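Both of the next two complexes hold subunit A, though its partner changes from subunit B to subunit C.
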Partner chain A sequence: MSDETKAAIRTFIVENFLFGDNSHPLPADLSLIDNDLVDSTGILELVGFLEERFGVQVADADIVPANLDTIERIAGFITRKQAA
Partner chain B sequence: MSSVRSFEAGDVDAVADLFQRLLRKSAQPPSDDLKTYLRTLFIDFPAAEPDLRSRVHVRADGSVSGFLGVLPVEMEFEGRRLKAANCGTFACDDRDGDPFAGARLLRDVLSGPQDLSFTETSNDVSTDMWRTTRATVLGPYSLEWLRVIRPSAFALEAAAGRLSALRLLSPMTRPIDALFCRRGEKQSWSHYAPLAGKADAFVIDAVSDTEFAHLCRQFVRHFPLRPAWETPMLETMLGHATRKALHGERIQHAVKTRSGKAIGLYLYYGDPGGIGRTVQIMAEPGQEAIVIDCLIRNAHARGLVGIRGRTQPALLQAMIGKKCAFLHTSSTIVHSRNPALLEALTSGRAFLNGLAGEGWTRLIGDRFG
Partner chain C sequence: MCGIAGYCGGNIAPERAADHLRRMVDALRHRGPDGEGILVRGDAGLAHTRLSIVGLADGAQPMATADGALALTFNGEIFNYVELRNDLAARGHRFRTTSDTEVLLAAFTEKGAACLTDFNGDFAFALHDARNRRLVLARDRMGVRPLFYTQHEGALFFASEIGALLALPGMVAEIDPVALDQIFTLWCPIPPRTAYRNIFELPAGHLMTVEDGRRTVRPWWQLSFPDRGDAEPAGRFESRVEELRALLADATRLRLRADVPVGAYLSGGIDSSIIAALAARTVTRGLRTFSLTFRSEEHDESAWQRQMAATLDAQADSVECTTEAIARHLPAVMGHIERPILRTAPVPLHLLAGRVRARGMKVVLTGEGADEIFAGYDLFREARVRRFCGRQPGSARRPRLFQRLYPYLPGLKQQTPEYLARFFAFGSETLDDPLYSHRPRFRSTAAAKLFFCAGLKEALGDYDAAEDLAAQLPADFRRWHPLHQAQYLETAFLLPGYILSSQGDRVMMANAVEGRFPFLDHRVVSFAAGLAPDAKLLGLREKHVLKEAARGLVPAAIIERPKQPYRAPDSESFAAPQTPAYLDTVLSPDRLAGSGLFNVQAVDKLKEKVIRGQVSGFRDNAAFIGILSTQLLRGTGAARSTEPASSIGIS
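Let's turn to the complex of A and B:
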């Protein structure tokens, strides 16, 4: 998975869930759920972003923490989707 | 792995539990009455369609953690029949299990075969979720109108919603309200007194479900986007609406000329001393204001202290000058991929809310024994 993908995801999260606060460390393995950064509403925004930015189709069954809970998992999920 | 699938009879107990805990905010176990009703409404309902079903979110261990109730509605737009999904009852368990359950349920339902999806009872959290799916919040359909009739009794009744013992003070409100209404003012937002007007030329008539259904079909035809109601379906819905124990006695009237021609109708619930809840107002175009006058007069005559209901664009226009207050409690939201439908909805040419929503079900306003 590319650093560029992770950077784009990170930027989206900072802008939309941290309201532009770049001071948050936001490591790639930080759980977005456990840290209350994303909920059911936020996840729909994130999915919309992933579909538009990376040109992938996210199925309802894909919307699970295993795919979307950390920047690392999201980037891995995008890589798998693009390779499929 | 968690999943989303159609609501089945075996899920009724779990969904009733979600409804009781999350929507009714009750610690009591759900009654058999509620369970039976959920099955009647969401599985056995006459309009049920195999490809437009209510959905449940199921955890990896098979337990149900979310529910989105779907009531199929056949609608009509410019002579074409449409399928619509009325998505009112939306409940998801706490976020510890699967915080994405609500998102998956909503996406799953909105990706169905229907031309149009809508809800009229969306709270702020659900509204944010709908918005992220590119749904549209319809402002003119999302307001509650409120007409205060007896101000001090109204204030007491509103407060008694949280502390019922306050109703013991209600005798004290009568002289205060009598003073308000003796002041000889014209209509005011703070109190109501019936004045001579056009409504005097009309009579109100308690009507049967069959006549009411017939009139609903007559008045709804003026809307380019509307439910394609058949009389038996409307009678079934009115059967569901027979009782709303939490809202009071049902009042179902037609407004007629002295020669017997119906120009409108209303359906509301309310007891003397209480705040009435209006489910539906309909009228021939241009007659809305008279029907609203007749409704408020009836509520006043029956001793209600206030009456409220949901707006529609045509009613909003007619309420100008009626000294109503407007507030927001829940939103009407629509989702469609069809631009023509969205245009009809955003321009106020659609009939939504009330009987074209969830207002007729027992889930709103009834007690389950």
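Let's turn to the complex of A and C:
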């Protein structure tokens, strides 16, 4: 997976869930739920962003923490989707 | 219903004291436009603004006993004053007036503070005992009527509203950062703390005595539940339903006592409907009802309101509350609420009370309190589902129940069981956590602290509002059933700290309207507390016993309709093109930086998102209303105080 993908995801999270607060630690393996960065509507915002930015289709069954709960997992999920 | 104020101690010169009392009276006039009075005696002073409801001709206050020993300033009602008066008269007391105020004085003369337990009512009062040079402050069991105090000029000053204390020369309005943290976690400050530093609240059901300069504060009543496992005998449910119906009828009958007409709020739900139905049996010439309507389907209940009003043949009145009205009125409402809020829900209730007043009425009954004492809120059902899921954390089916709990939250419909499990966090908490029921709410609310600025975060350090709350719980809390623990948290803290204040007394009294709450009659509260948990929450059927008691009084369709919590449009009220002009001023970088509370850049991005109409999640809605209300409050408080607010810090 490319660093570019991770950077784009990180930028989205910082802008939308952290409102530009760069001081918040955001390692690629940080759980977005456990750290209260996303709630149930935030997940849907994230899915909308991934579909638009990366041109992937996210099925309902894909919306699970295993795919979307960290920057690392999201980037891996995008890579798999794009390769499929 | 009125406003009260006063002081004790401090060797304040009589002229200065009278000036202080007049300032406080000026700040409380909206609570009592029908009359006012001040009384300075010895080292104490009492003040009163009057809304005449009982004893219209002869109930002026402050009122003293015939021998001058006791003097009283009293806000509220003692609904059983007729019975108490008869008892006291039988013991030889002579009454000069028809008011409940004089009954309180006589009862205190007879029994001292022990008389409080005889009172069925909503009250806050200050009583000065000249012989013993003692001042007594007391507040009703559930916290319907407010009472605040501060130490100033060497004296204890008290008042129905913080604004009256801030009207004193030299008082400074300063937001308390710990209170802000509490509100941004628990939705309300933990009493005696208020949103303002150095201003305190007498907690509900408490009594303060000031004697020789010493203050003692103690509870005179406390909400309690039976020990877990002390279940009621089987087969008593039917008789409990009958008992409840009789109790509610009597609680409503007592609350119709007034020398002015009494109306009723009608939301379209079961709680206000049953109260209105009981009132309609007694009120001659037709009951007047008042309802709120909204344009958005998710908030509006007008079809149910019309059905209930038609059933009662009531003279129904309604106020349509638009998003534009919410945005326009929020600043004025904040001046009355005097504490940050995370929802706009108080604003429509302010407009509704305004309509009551505009129709020439001063008193309304409401269904407030039923959701707390009969376990009506979704939170109680959610906690039960979380425990159910927590027992089988791997189940893919069980988390689907959350979608049934919140059919009105579209964001949940598309979630997989895995995410539902994580959002409701049923795997991560121990089942014996005393705050188990409230953890998801506290956690999702506290996420809004993301917008606190670095300085505030640093000042707060590792302060944890939830742990602070846990430390306030009574010793026997752990012995109660989990439902009762959840009910206690809701009833002892959020009810007085938000529902009865920000959505109750403050927005009603801003319009000189008195709310009366039959569900909060202490007999009903004690009855409900003593019921087995399943009588209240049967499976996921909320308010089970109340629904059964409502049969025959309320149409079955209203009894069985899904619960719709009262909510109002939040951040969407501020979206373009109707964004109010004041938003840019109140949330300007200068004003934000000046308050030293919030992250200027992050708030600016949040504001832009709100204006674009893109804020939909719980955290961001709560954060936006919380930040905006705090900034509005700060403006109001600072304007009232005689000195500018200084920078924050924790005392």
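The working rule: the second predicted complex is superposed on the first by the 84 of 84 C-alpha atoms of A that agree within 3 Å, B and C clash if a C-alpha of one lies under 4 Å from a C-alpha of the other, contacts with A are read in each partner's own complex, and residues count from 1 in each chain.
Everything below uses one rule, namely that contacts are C-beta pairs under 8 Å (C-beta built on N, C-alpha and C of every residue); 3 or more make two chains touch, one makes a residue touch a chain.
From a predicted model like this one, the values you see are computed outputs, not experimental measurements.
Trainee: Figure out whether A:60 sits in contact with subunit B (first) or subunit C (second), or with both, or with neither.
Mentor: After superposing on A, A:60 lies in contact with both subunit B and subunit C.
Trainee: Mind working out whether A:7 is in touch with subunit B, subunit C, both or neither, as first, second, both or neither?
Mentor: Touch status of A:7: no partner.
Trainee: Check whether A:43 is in contact with subunit B, with subunit C, with both or with neither, and answer first, second, both or neither.
Mentor: both
Trainee: Considering only touches as defined above, state whether A:21 meets subunit B (first), subunit C (second), both or neither.
Mentor: A:21 contacts subunit C only, not subunit B.
Trainee: Does subunit A have more residues touched by subunit B or by subunit C?
Mentor: Looking at subunit A, the partner in contact with more of its residues is C.
Trainee: Which partner chains sit in contact with A:33 here, subunit B, subunit C, both or neither? Use first/second/both/neither.
Mentor: Both partners.
Trainee: Subunit A residues touched by both subunit B and subunit C?
Mentor: 33, 39-41, 43-45, 60-61, 63-65
Trainee: Looking at the complex, which residues from subunit C come into contact with subunit A?
Mentor: Answer in residue numbers: 409, 411-412, 414-416, 418-419, 422-423, 443-444, 446-447, 450-451, 454, 599, 601-603, 605-606, 609, 616-619.
Trainee: Taking the complex as given, what residues does subunit A use to touch subunit C?
Mentor: These residues of subunit A touch subunit C: 15, 18-21, 23-24, 33, 36-37, 39-45, 60-61, 63-66, 69.
Trainee: For a test of understanding, state which residues of subunit B touch subunit A in their complex under the given definition.
Mentor: Residues of subunit B touching subunit A: 1-4, 92, 95, 98-104, 106-108, 111, 125, 128-129, 132-133.
Trainee: What part of subunit A is in contact with subunit B in the complex they form?
Mentor: Interface residues on the subunit A side: 33, 38-41, 43-45, 47-48, 60-61, 63-65, 68.
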